[in-house]
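First comes the structure, then the notes that go with it.
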Amino acid sequence: MSDKIKKTVTFPATYESLAAISKFVIAAAEAAGLSDKATYGLQLAVDEACSNIIEYAYEDLEAQGITCTCRVNDRSITITLRDEGRPFNPKDAPEPDLCSPLEERQVGGLGLYFIHQMMDEVRFSCESDGTNVLTLVKHRS
Amino acid sequence: MSDKIKKTVTFPATYESLAAISKFVIAAAEAAGLSDKATYGLQLAVDEACSNIIEYAYEDLEAQGITCTCRVNDRSITITLRDEGRPFNPKDAPEPDLCSPLEERQVGGLGLYFIHQMMDEVRFSCESDGTNVLTLVKHRS
Amino acid sequence: MDYTLEEFKHCDLLSVSGRIDSQTAPELAEALDDILDQGRYNIVLDLNDVLFISSAGLRVLINTQKQCKRLNRGEVVLARVPERIYEAMDLAGFIPLFEIFDDKVHAVGYF
Amino acid sequence: MDYTLEEFKHCDLLSVSGRIDSQTAPELAEALDDILDQGRYNIVLDLNDVLFISSAGLRVLINTQKQCKRLNRGEVVLARVPERIYEAMDLAGFIPLFEIFDDKVHAVGYF
């Protein structure tokens, strides 16, 4: 199915970019006519994924870019995030702690948990040139 | 100067009438185009005067009526209150206590004080048939 | 006149609407006395929806304030006093006798 | 992200607006730590104008709650949580950890 909208922007891989990345995602979601709720979920998933790229994939490497592509067609909205940092497959997500009492509650793992909860498909690949590609797909209901 | 509006209503001399009397006064004030502030002042003066007629003039007499007349012309709005109770000239107003510290503060006398503060003219007469007539005038600025 | 009462940890919030005149002032006095009878003396009186207060209503306010402040056991404060009512209270010399707040949050937070 | 702080008798009200993400969460943590550093542990966090909270923001909330509740010295409560943010907190299992109020008056009155 051919895309109706396709836009790509490369952002500096720093936390300062997160607001601009959200804006980019929201614009695509609105153009696609997603609901408020779905738009927020998309924004949350992308923010968590980009935060992780900045924090972990580029950790001690010289920060480069995150290339963000939004594709919209009648069936879905797809966000692709590309980076040149350390590869990481989000399938290897740790189980988050959602139930412990306050004193014992650990908040690690919520980022990946949100990504999986908010998106219908989450795919990771590392290309031959070392580019990591994270593909997040939200079906339109 | 001839009146543009003149309306008369007789209300039972009980506290239950106060809300209806206020409504009557507000309607006249609005028809006359008085400001919010002047309307509130008129409402307050009439409410205090009627409360006093009910409480003091008719005290232990069988409660009869309060006849309320509103007259509006280009220069002023005039409210006349007629009752058949004990006569009382509001000139004989006690000085209210506006300054004492809380413990010593007495609230007696505020009613007549409000009447004199809110109105430009306050006149009392007792007619030969025993009717008390209180005339309250507010000039239009 | 109508009112609703909400009980908080350090104060009670009584929100009043309508007219407080010689007819309804006794109902307000009763509502306030009920609070005092529970040994609660910190009261926020929200006047936002009050359309009119006569001297009979002012008398209730001051009597309650006297009872609350006795023995330093509490205080009545006012929230959201409508302009016309503020002017009448000012004329009557009531402003120094009550803390007045622009909103309920600050009034409740005062206690 | 922006915030304003109001200090009341029994609690502090921190009203936050904008985005709470990995970029701004440390600023929120600092604002909250400043309150705790003053020995004040009862905090109302008004989230009405918050547009977005990521897990980095949730981490700040839970760390502050842990510090406040330690030794029973206080508590963080939330006021006016926007629907989307409530849903994310619910997914994350945060709802049992915070008292949540529909308005600021009830949140401040809780303390």
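Note that the chains take the letters A, B, C and D in the order they are written out, and that residue 1 is the start of every chain.
Quick note on the criterion: a contact is a pair of C-beta atoms (placed from the backbone, for glycine too) under 8 Å apart; a residue touches a chain by one contact, two chains touch by 3 or more.
All values derive from a computational prediction rather than experimental measurement.
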Can you tell me which chain lies farthest from chain C, using the average of the Cα atoms as each chain's centre? A
Using mean C-alpha positions as chain centres, tell me how far chain A is from chain D in Å, no decimals. 26
How many angstrom lie between the CA centroids of chain A and chain C, rounded to a whole number? 54
Where in chain B do residues touch two or more of the other chains? none
Each of the following residues of chain C touches two or more other chains, namely none
For this entry, which pairs of chains touch? A-D, B-C, C-D
Residues of chain A touching chain D in their complex? 15-16, 18-19, 22, 36-37, 40, 43-44, 47-48, 51, 54-55, 96-99, 102-103, 105, 107, 110-111, 113-114, 117
Considering the complex alone, what residue numbers of chain D touch chain C? 6, 8-11, 13, 104-106, 108-111
Could you pull out which chain D residues touch chain A in their complex? 19, 21-23, 52, 54-56, 58-59, 62, 65-66, 69, 84, 87-88, 91-93, 97
